[in-house]
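Look at the two complexes coming up: chain A is in both, with chain B in one and chain C in the other.
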Partner chain A sequence: MGKFTEDDLKKDLETKEYEYGFYTDIESETFPIGLDESIVRAISKKKEEPEWMTQWRLEAFKIWQSMTEPEWANVHYQKPDFQNISYYSAPSKKPKYDSIDQVDPELLDTFRRLGISLDEQKKLAGVAVDIVIDSVSVATTFKDTLAKKGIIFCPISEAIREYPDLVKQYLGSVVPQKDNYYAALNSAVFSDGSFCYIPKGVRCPMELSTYFRINQAGTGQFERTLVIADQDSYVSYLEGCTAPSRDENQLHAAVVELIALDGAEIKYSTVQNWFPGDKNGKGGVYNFVTKRGLCETRAKISWTQVETGSAVTWKYPSCILKGDDSIGEFYSIAVTNNYQQADTGTKMIHIGKNTRSTIISKGISAGHSQNSYRGLVKIHARAQNARNFSQCDSLLMGNLCGAHTFPYIEVENKTAKIEHEATTSKIGEDQIFYCNQRGIETEKAIALIVNGFSKEVLNKLPMEFAVEAQKLLEISLEGSVG
Partner chain B sequence: MELKEKFISSFLAVDDYLNEGSLVHDIRSEAIKNFEATGFPTKKSEAWKYTSLKALLRDDLSIFPKQEATVEFRDVRKYFLHDLDTYKIVFVDGQYSAFLSTTTHEGMDVCLLSSALTKDKYKAVIENYFNQVAPQHGLNALNTAFAKEGAYIYIPKHKEVDKPIEILYFYTGAESALMLQPRNLIVVEENAQVQIIERHQSLSEHAVLTNAVTEIFVNQRAQVDYYKIQNDQAQASLIDSTYVKQERDSVCSVHTFSFGGQLTRNNLNFYQHGEHAMSIMKGITLIEGKQHVDHNTLVHHIAPNCESHQDYKGVYDDRSTGVFNGKIFVEKEAQKLNAFQQNNNILISDKATINSKPQLEIFADDVKCSHGCTIGQLDEDALFYMRARGINEKEARGLLMYAFANNVLESVKIPELKKRINRIIALKMGVKIGFDL
Partner chain C sequence: MLDIQNLHAGVDDKNILKGISLKVNAGEIHAIMGPNGAGKSTFASILAGKEEFQVTQGTMMFEGEDLSELSPEERAHKGVFLSFQYPVEIPGVTVTNFIKTAINQTRKAQGLEDMPAGEMLKQIKQVSEMLDIDRKFLSRSLNEGFSGGEKKRNEIFQMAMLAPKLAILDETDSGLDIDALRIVASGVNKLRSDQNAVIVITHYQRLLDHIVPDFVHVLMDGKIVKSGTKELAYELEEKGYDWIKEALK
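Right, the complex of A and B next:
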């Protein structure tokens, strides 16, 4: 055997590295950019997940690799580079600012106008807060009340560890891993989200909200939500918040699954106000979300959403009306301004007998934005006496924006009753004139008219949300006219 | 060999044989290239999501019949509006039948496309209008490449045509597996008025596939009233693409009555290039068995102050399927617009299916656009009311369905035609509608 030289050693090391493949340090707070199997494993390990969960993620990852990004939506954007994203980053424990004076005054102004309390403002902007903040004690009280009723409300990572049976049974049952490109991606790399279980016959005494979630740490860009309402239970769930989120993550691909068992009712409300990019359409969040609910017999799922943020939105909260006599509802307001693009709507799949669905969608476009409603109402051959009512109204401000409607109606049963109507209009000059004459300035008048236009949907929001959402609409459309 | 390749390779021979001069030759060569690039539409394409041509496009289809066929007047008499004096342009298996036709060159041209394409006299019109509005891809390109016959109608300025023009295509079925490519060119000059009735009729039970393309140019203040009657044999399929270009103050209405055929696909497209143009599209679909009718409409609003109305009614029985895919596209210049779209459907049988997709794409703010779509049943209360007054159930249903379709029928401006369609509807519903219109 020859002499072992330095060159040989070098060579050896090179091959060695190759042999072991890419190495990920799971202790680090932020993972290196890129996505491969080892990253998926590392996320799973970081979350201390059991083996079945890791396998489930890997399965999703394999499916994702074989898929291509969908292009059918009526939006145009620079495709994200999936190998240029870090898929896990621990929420930073260090506050961003030491005092509220350091926060961007523009942001604070928005907070003030939305009527958010000072403490909450601090929290939202990432200012270090004192121990004696109300919501913490409130949260603890809430937690007790919920526990007494047997309601489980916790981060999904905790649920995977604590309630594996429930998670195993329902995770991916409504949105399977292979459902679509972004759902597959989410299934592989989701970092956290909420889990909620309402036991049989329990009426959840309060609006569950991410505001008061016990583990408030950053939700991450790949959120996974699973809500299970057992027989004859009721829950109202609020997601998001009206305050503008200055999030640095460009791509958000969340998955929400709702399961309403026999006689249960789930009300899911969303207010989305991610960073929409600046006035010239630079930057902004891509929001590609899959939301779907499954209704068993006599169950009801109601989606309410107010979408004002994100540069690109691609979202279709849907209901599968599997059980007889089940009900699906969808109420939506989508506002786009500047260069925002939204392609949003719903799918109502009627499978059971005597199923009913209602769709009310209000689109408001201003600036250079494009706003599309895309919906599907499908009545299966066995869905006797299905009933659907859809209404899609669009409001246009200025002639640089666009409003589009793409409703799909597929009916295979003769007893179905379907009504669909859509209108497009603008704010009448006479309406504005009327307001001006009575001393209401144009900007205020527009806010008034827009609020009236959106009333049907705003009414469906829980009260405190509705007040904020109303103000939010006003702010979103600021400067869009005149 | 696949059908597509077969068609492409047969093009050279056809082109030689037609020998039409450089202008048309260039158009055809370009078209076959486009067809080669785009091919036949598949269900993957959004516009063909609900209609599959797969079963129809068999490899033994041929474009031209090998032998000439003739028909006797008494065999086809019933397809003419015989109680009405009309101009007639009649084709049998794609060939012009001089014996059945009544054409004219007096003050206007109601004649053949083949002569218009070859004679110098028509060169200017062909240059300006032929193949100018139909987009050149897929089936349209195929038609452009091979179409050698069809109607050519030219109405000069201020001419009000004294009687309706009938365009009839008969298929004898002497040869099976024909894919015919009729092509119509209709130019209506300033302030002129014309009524046209188009019908495709198969005379046997042999399968036939027709890929028709019609281009209509409606110039300033002109008025065109167009009726399409589709009541064909159960083995006949029709893909009918119509493109209408409208100038200012013009009015064009197209009524489509789809009562028969195996597969019927209507592509009806309006392009409004001038202000104050008005487009009307109406249709009644009444089908049964395994029939399939697909209405694909587009109104492209380019100029301001225009109007468009769409009203489509459908009644579907047995295993029939209906598709309505309507689109209103509003450019940002097309302000002060009024666009309306309505699609109502009734399913009679449990196996029948309807897919409806009314779309709006709007880039202008000062517009009034709306669409409505309903799917439902006959009103049980109304039915009960009639039965309580001694009208039997079948009759009562027939009456209600008749009433359902009536507001489309109402706008038919030729009384004889209205009567004829009335009779077809009554026959289809198996009832005697006792009031005369």
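Right, the complex of A and C next:
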């Protein structure tokens, strides 16, 4: 993987030089704090967007101004001051550190235990990397392979300029500007994100990962992702990184829209490991995300997520099963430790006939954390023979944490078949002692038990990701018993 | 190998073991028998290091080290194995994965590399054949939905894989039908050598027909009140425990 990184970075630097070559003060350019119409216009201008896009953002901004921040989630936090945030910061081309010795050793130790190569460690921590001139650039090969199949995979800002018809047609089609408070905010100010289009009948030959996308190694504060799978196509998309992301931005409000046209399949996997705050609950990222997919006839969308980071998480990757015979799946592991709070789950909206959905949610709570599953299964009147199976399991460690389940079921058609199973269990001293007696130390025993508990979901992740996610679970729960 | 002197132990303020002394040499099999509530399982748990029990007096020397100064996993790494009376379930963790983790953690503690996968598979195959264990069994979740007999067979499977110096079998015969008992016992017998030792804790003499002890001890009210050879087991089977109680008065 090291080679990818270096080539990526090399390209990265080259492109930036080119792109921003006319600006002299680029390194220090950050917008003043606060949000008003002029800031929205300025972001759009920075991104060299066409007028329709500027208007779309302004519309969203107006809507956002008329909305109030929602309070129904089972989380408690100090509300962000939206006038105290800077909404645009030019990517700095200057590395944060000159050498790896300057990086927080604790962070490096975590990288090492996650099995991340030294080059990647440097990149993730923002260390200058020596640019090695390699005979064949893997990144280029990667791009070529995709281009031959007609697959578009690029930053969303590039797509707005290069593929306006596709963006115009689909942006906001699944998550409209007015969908919710944070979606409206995102629509007005997003500055980062990915765009992906898979043409008719094409099976994307590799897993698409933001990791490979030039210019987009870091995660933006307001990310916007749009994935379109045309008829009978297939794509597997990986988002995030197991490496801990230390970010100065406290508020993250991303929007992800997936469109699976007739017979298409999208598999979207996420590993989220943002800074959860310290042991006393200080600091940490607020992660308020809207993720939704639309399935046309015979289409399938599968969300798999492993959530271990953030101080407060508010996230419900959902499927609108509009087409007949379409399928929605949601597999989730959410880990909370110390003072983390997570309110996460899914919505399965059955509109078409013979639509099917599966929900497997595994919540693991430790420390003083609170972990809630919130899910909606809705069967519309014309959704003949819709089926849903939901399973929500909670695992508790210690006596100070909480696990909550809020399942909502709304059925308007008598032919629906819905099953809901829920369990709550606690890691027992007897289980730990049993493992100890076999020579397995307590930390490892917990990891073993947690991995066993999460297995059904881990199995849904692409192989490499699954191995990393397993290690991540282990690290996230370190020191939680003891 | 094991030298226990005047061991007193209990939970909270309650004394359960009230002065046990026992010497076990390599190559020996000792049976510990006794009525319900005599402290047999507590004795096994204390040897393995279960936290809720405190040793208040006496020593447990194992190969020159006092066990009470070692954590449960350290005792395991030195070669102490307890076959549990009630093995716990660990959902989602397969029998194979569990034993692999146990072996490699033990090897790590001993400064060894992980066991190569080929070697591991070979051993698993050998042992499961010896204990008449079906391959499907190995990919099931540990003890989840196992019958009583399957749980005990799984304990002996782990014992055979870990090859401990001292194996403590706590009521391994309970829940076993006669065929399973024979398989489990023959497994234990095959693993016997002059390098290792076994402590068999049981209510009944029937297991001792298959695993023949060198010594039999009667545990009553936290003390070993009588020791003898395997003939003592037959006597207990025939007469029960009351006559010993009477004799003690």
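Quick note on the criterion: the second predicted complex is superposed on the first by the 447 of 482 C-alpha atoms of A that agree within 3 Å, B and C clash if a C-alpha of one lies under 4 Å from a C-alpha of the other, contacts with A are read in each partner's own complex, and residues count from 1 in each chain.
Keep this in mind: a contact is a pair of C-beta atoms (placed from the backbone, for glycine too) under 8 Å apart; a residue touches a chain by one contact, two chains touch by 3 or more.
The shown structure was predicted, so the numbers you read here are calculated from the model rather than taken from an experiment.
K.L.:
Thinking of the overlay built on chain A, is A:G201 touched by chain B (first), by chain C (second), by both, or by neither?
P.N.:
After superposing on A, A:G201 lies clear of both chain B and chain C.
K.L.:
Taking the superposition on A as described, I'd like to know which of chain B and chain C A:G283 touches: first, second, both or neither.
P.N.:
neither
K.L.:
Classify the contacts of A:K417 with the two partner chains as first (chain B alone), second (chain C alone), both, or neither.
P.N.:
Once the two structures are laid over each other on A, A:K417 reaches chain B alone.
K.L.:
Looking at A:P70, would you say it contacts chain B, chain C, both, or neither? Reply first, second, both or neither.
P.N.:
neither
K.L.:
Going by the touch definition up top, name the partner, chain B or chain C, that contacts more of chain A.
P.N.:
Tallying touched residues of chain A, the top partner is B.
K.L.:
Where does A:A381 make contact in the superposed view: on chain B (first), on chain C (second), on both, or on neither?
P.N.:
So A:A381 only meets chain B here.
K.L.:
If we overlay the two complexes on their shared chain A, which of chain B and chain C does A:Q431 touch? Say first, second, both or neither.
P.N.:
Touch status of A:Q431: second partner only.
K.L.:
Is A:S454 in contact with chain B, with chain C, with both, or with neither (first, second, both, neither)?
P.N.:
Touch partner of A:S454: chain C, not chain B.
K.L.:
Please work out whether A:G150 is in contact with chain B alone, chain C alone, both, or neither, and reply first, second, both or neither.
P.N.:
After superposing on A, A:G150 lies clear of both chain B and chain C.
K.L.:
Residue by residue on chain A, keep only those touching chain B in one complex and chain C in the other, then list them.
P.N.:
The overlap between the chain B and chain C interfaces on chain A is empty, containing no residue.
K.L.:
Any idea which chain B residues touch chain A in the complex?
P.N.:
Touching chain A from chain B are residues 46, 332, 335, 345, 347-377.
K.L.:
Using the touch rule from the top, collect the residues of chain C that touch chain A in their complex.
P.N.:
Touching chain A: residues 48-52, 71-73, 75-77, 81-82, 84, 87-88, 90-93, 97-98, 101-103, 105-106, 109, 141-142, 158, 162 of chain C.
K.L.:
Which of the residues in chain A end up touching chain C in this complex?
P.N.:
Spelled out, the residues of chain A in touch with chain C are 428-431, 433-442, 444, 448-449, 451-456.
K.L.:
Which residues, counting only chain A, touch chain B once they are in their complex?
P.N.:
Touching chain B: residues 72, 381, 394, 396-426 of chain A.
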